[in-house]
Amino acid sequence: MIRVSIVGGTGYTGVELLRLLAVHPEVEIAAITSRGESGRAVADLFPNLRGHLDLQFSEPDPGRLNESDVVFFATPHGVAQSMVPDLYDRGVKIIDLSADFRIQNIAVWEQWYGQPHGCPELVSEAVYGLPEVNRDNIRSARLIACPGCYPTSILLGFLPLLAKGLVAMDDLIANAASAASGAGRGASVNNLHTEISDSFKAYGVEGHRHLPEMEQELASMAGEPVQLTFVPHLLPVIRGIHATLYATLLDNDVDLQALYERYYADEPFVDVLPAASYPQTRSVRGANICRIGVARPQQRHKAVVMSIIDNLVKGASGQAIQNMNLLFGLPETCGLLTPPLLP
Amino acid sequence: MIRVSIVGGTGYTGVELLRLLAVHPEVEIAAITSRGESGRAVADLFPNLRGHLDLQFSEPDPGRLNESDVVFFATPHGVAQSMVPDLYDRGVKIIDLSADFRIQNIAVWEQWYGQPHGCPELVSEAVYGLPEVNRDNIRSARLIACPGCYPTSILLGFLPLLAKGLVAMDDLIANAASAASGAGRGASVNNLHTEISDSFKAYGVEGHRHLPEMEQELASMAGEPVQLTFVPHLLPVIRGIHATLYATLLDNDVDLQALYERYYADEPFVDVLPAASYPQTRSVRGANICRIGVARPQQRHKAVVMSIIDNLVKGASGQAIQNMNLLFGLPETCGLLTPPLLP
Amino acid sequence: MIRVSIVGGTGYTGVELLRLLAVHPEVEIAAITSRGESGRAVADLFPNLRGHLDLQFSEPDPGRLNESDVVFFATPHGVAQSMVPDLYDRGVKIIDLSADFRIQNIAVWEQWYGQPHGCPELVSEAVYGLPEVNRDNIRSARLIACPGCYPTSILLGFLPLLAKGLVAMDDLIANAASAASGAGRGASVNNLHTEISDSFKAYGVEGHRHLPEMEQELASMAGEPVQLTFVPHLLPVIRGIHATLYATLLDNDVDLQALYERYYADEPFVDVLPAASYPQTRSVRGANICRIGVARPQQRHKAVVMSIIDNLVKGASGQAIQNMNLLFGLPETCGLLTPPLLP
Amino acid sequence: MIRVSIVGGTGYTGVELLRLLAVHPEVEIAAITSRGESGRAVADLFPNLRGHLDLQFSEPDPGRLNESDVVFFATPHGVAQSMVPDLYDRGVKIIDLSADFRIQNIAVWEQWYGQPHGCPELVSEAVYGLPEVNRDNIRSARLIACPGCYPTSILLGFLPLLAKGLVAMDDLIANAASAASGAGRGASVNNLHTEISDSFKAYGVEGHRHLPEMEQELASMAGEPVQLTFVPHLLPVIRGIHATLYATLLDNDVDLQALYERYYADEPFVDVLPAASYPQTRSVRGANICRIGVARPQQRHKAVVMSIIDNLVKGASGQAIQNMNLLFGLPETCGLLTPPLLP
């Protein structure tokens, strides 16, 4: 059994890690930490877990974390940077769900996150935890930087086009919409039911922190710099990200459907829909899967790709466990094959 | 492996049976029938099942159904009545999720459902499939009439009070609210998103078909006739039933909290919340569990019980599988222990 | 023109007062105060008002408020108590939407609100602002205590039965459900979209602050003490209260439909639906109207009344303006006749 | 008073016309027709109108319609084509909310709508009813083809850029999302609450009927052919359209904010938000207004425009009344200035 600890367990990625790990056959949960809720039963805060987990939140105790095989960070940015070095030195594997180690250029990170990086020396050690791109590196990693939720859906959506060099790299557009859970579980007027439900809006149009992360990874896929216009929107739904991607085809003869089906034929967690099918976010609710549909409207020069995930699963906690499975030599799908909930 | 067939698989209880059975370790799905969708891949109609089930809808073929160990009916009322006799005679176990065999008094059934009963001779053979009340009878049954969704939540909520004779039997009130999935997957103006969302209403106040079923079972629990005032409401949610029950205590000294905790101490699928806690429907989303909270406001003479279920799981398909587990000597919880999805 | 000021304008009753007063033909808005948002344009906080109101939030300045003809308090409890005496002495009319002057028994107020009453000397001067009950007193009042949102729907629902003495007064039940806007616009984890949407729950079952207010007014209607069991629930909708009321009829021969139609025949803001019709909350969205349906299920001894309002309009700001119209001798319906928004 | 009749009043644009016309000071509603609901009180079908309209649906009677000053068609496509000629000949003004007269090229209409055009001779007489573009022509029109809901938001969003020739005309993108009411009030499994709520998807990616209408009008604005990539999505909300538009700037020095503010300075129903503000659909709920925000992310070459409307008001019935006001020489804003409903 893998001994797992979770730092920062009171947010939505925390409860989602617990929901998935509670039924993972190879995992034992050693500790889940929270300064604010220390001593409180997890099932008291998250009533879905009543009867499934007999565990209390505890203070983050380095001694105890050090005895884990792997520590997940489900914390706001900045926290992992301060705690990772000690764990790293002691050989504990680290899977960071926050943004702390995603961006290789320290200056870029500091600019977008508005604070000095607390652990620049380990950034180059971190492996970007998108298995469909970095599977081999993940297997041997010691520190994994899990992708953000928007990046997961957008990178998987663009990957075949960019890897094959089929589109204009300076004119990529990602029009994406996220569920409210993407904004986290913090108290906030903007995220009240009364403010969000029955409405829709764009936000962060001038610049969203996931942009530099995406341009870094897209450039790596393309083998050249890219320009991405990224406009995120807020959906009145609980879970789900829907990315609608636009790219200008260099060659109008490409068969998008065949390209995507072939590219992802062996991926357990990427599902290319049949031609003329488009994914709906509820079809991945609660599951670690990215579903993709492709189109070329009016047979013109624009490729349109629709890519969806559950932001809390393939966009966060499920993908983190997928990474853990790779790290520990388990089948990649272990504990991650429950069907989505529909309706 | 138990060979399972499902008759009428295009509704929400059908897809929910498939979702749960797809990961049930002791089950093999032989057939799922639908006249309207015959030949169509199940995963085409229900995209959550893509990759989890490689199955097509088929015409209901008695010969094929006869080879099953058990047949689930997820059909409108009237259908099971016509198909059950043949299956019953051949020794196939039947688990009927419809109302066809729930009411023992044929005349009452015919009055509320407005048509002649098609199979009155088997009604007395049918066991009412509420395991918390009829567990032993279920184990040896050949035909199980699964309770309706409202009845499951309301009967489990009232059970300790009635079984112990603690309340006035002629003054029971069940104020209940159901998710829209309770109305099924049929095309209907009244169930459009635009008609239901951001609204709330009572319906069927003059009389709802679940009333006679509930009065029958409540009387059986109480050992005397009961009068139930039942007012159902429609919630703008996808899944969930919330029943708020009112009963007049005969003895004000009863400790409701202790009563309920003791009564349900050994039940795997009934969870009595701690004192002063009240259940929320999302805490059972997707799971086969009934959560109950009790209160006595202002320490007066009214007992108030809040009882919730996921109408598609403990209120339908999950409970049907719980019955199947009992029928076939499996652990009652087999395949039914996935934690609810929250948020 | 009536010079109106609003104290505490950043909550939902504040913006709703502004929405309604912006098109009221006899009103001029002099000031809207907010310590936190002073200097900010109202339309910046509430984008629906862009182009309709050219007004900024200002510090609450007693000198300026004193120049108003009427001051609305849309504040948390406790605030009006400290500011009312000075306004009262100067002859400014006061319409308080908070709970500060609703309960005549000071000790009861202090017990339920957990603080000393700041202005006990004016409580007996306050008129409970439910026009359907107190119309004449309101016309000559100097200080109006507007009813809470639950009380408005529940009192209007019970009124004909109690005024006519037709039911058992010690066994009233109000099972009510409120929109999320009833919880206000404060930052709170419990009221996040992710916590509320697609779910339903009871809350405050042990005791809700609207209970003593309702028992006071129900007793006044009945002419004797009453006992009310009140269970509030939280709906995943933006606006609306739905109260389902239960009372035991003393005489089974009463014609509920005729009783209600006759009782409210002349009321402009109470609409009794035709027999066998039940109200849905969306049918009053944005409008100052209470719609009521009545039933006697199975012709038994329980009267069931369904009463709905928009909690922000007839349950708060609209009713406050209805009171203002009465206070200033305007037609009671002035500015309040816009049809509800459906769908 | 203008005598108004409405053909086809049982859909959402029908009830919305009624809601707005019921309080329009210059209008008298003569008739509202429906074959299916003939004889039924309008307020029975649309309970929000109880107390506001004493009117019954009637059979469409040409004689009676001929006595109207203006007839609105709120019908599926094809219906107006058959009834308009007779009304037109008798001098009755016609405001068609359907697609029947929007597309000038008959062959294109027939291709997209899959049927022969029933009245090709009047197509060139029809004026496209977007007042911000065609105000003068509308004033003297006899037959007005109201724009679709998507086109209204998208055309107003692109207009300043195209009219000024500032962008590449062969690379326009409209990523738009519509409320469920855009799909109408017909019974349909796809539009059930259970199918739509808590989900999001693209649809009609291969080709949506609003595309040719938009390319026609955009070309007219640009003075040259355009290519538009249009991807509509379905939002789990009741009302609202949000269009996110992308265009490649020919000149990076343009000040988008100033351009839009100046262009729409005198328009009563187009509101350009302050810099770095983005519109949310709820801010126009129930009101005849288009709100627009503009951005140039990372100061690159893409203009991003966010344009929102209430699809039933500025996208349909409100705009139809705006056209009526122009037709009859009333102030353009007459009856259309009620503030949006928020929250």
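Chains here go by letter, A, B, C and D, matching the order in which they are written, and residues are numbered from 1 within each.
Everything below uses one rule, namely that a contact is a pair of C-beta atoms (placed from the backbone, for glycine too) under 8 Å apart; a residue touches a chain by one contact, two chains touch by 3 or more.
Here the structure is a predicted model, which is why all the values come from computation and not from measurement.
Novice: Counting one step for each move to a touching chain, how far apart are chain B and chain D?
Specialist: Tracing touching chains, the least step count from chain B to chain D comes to 1.
Novice: If you tally contacting C-beta pairs, which pair wins, A-D or A-C?
Specialist: Looking at contacts between chains, A-D has the larger number.
Novice: Specify the angle of rotation obtained when superposing chain C on chain D by their C-alpha atoms, rounded to a multiple of 5 degrees.
Specialist: With C-alpha atoms aligned, the rotation comes to 180 degrees.
Novice: Using mean C-alpha positions as chain centres, tell me how far chain C is from chain D in Å, no decimals.
Specialist: 37
Novice: Using Cα averages as centroids, what's the distance between chain A and chain D in whole Å?
Specialist: Between these chains, centre-to-centre, one finds 39 Å.
Novice: Rounded to a whole Å, what is the gap between the Cα centroids of chain A and chain C?
Specialist: Their C-alpha centroids are separated by 45 Å.
Novice: Where in chain A do residues touch at least two different other chains?
Specialist: In chain A, residues 12, 181, 194-195, 197-198, 236-239, 279-280, 282, 285, 343 touch at least two other chains, as defined above.
Novice: Using the touch definition from the top, list the residues of chain B that touch chain D in their complex.
Specialist: Touching chain D from chain B are residues 12, 179-181, 185-189, 191-198, 236-238.
Novice: Once bound in the complex, which stretches of chain C touch chain D?
Specialist: These residues of chain C touch chain D: 12, 15, 19, 22-23, 46-52, 181, 197-198, 238-239, 271, 273, 279-280, 282-287, 289, 291, 312, 337-343.
Novice: Quick check: in the complex, which residue numbers of chain A touch chain D?
Specialist: Touch list, chain A to chain D: 171, 173, 175, 177, 194-195, 197-203, 205-207, 211, 227, 229-231, 233, 235-240, 242, 244, 246, 248, 276, 278-282, 285, 293, 295, 297-298, 300, 302, 304, 306, 343.
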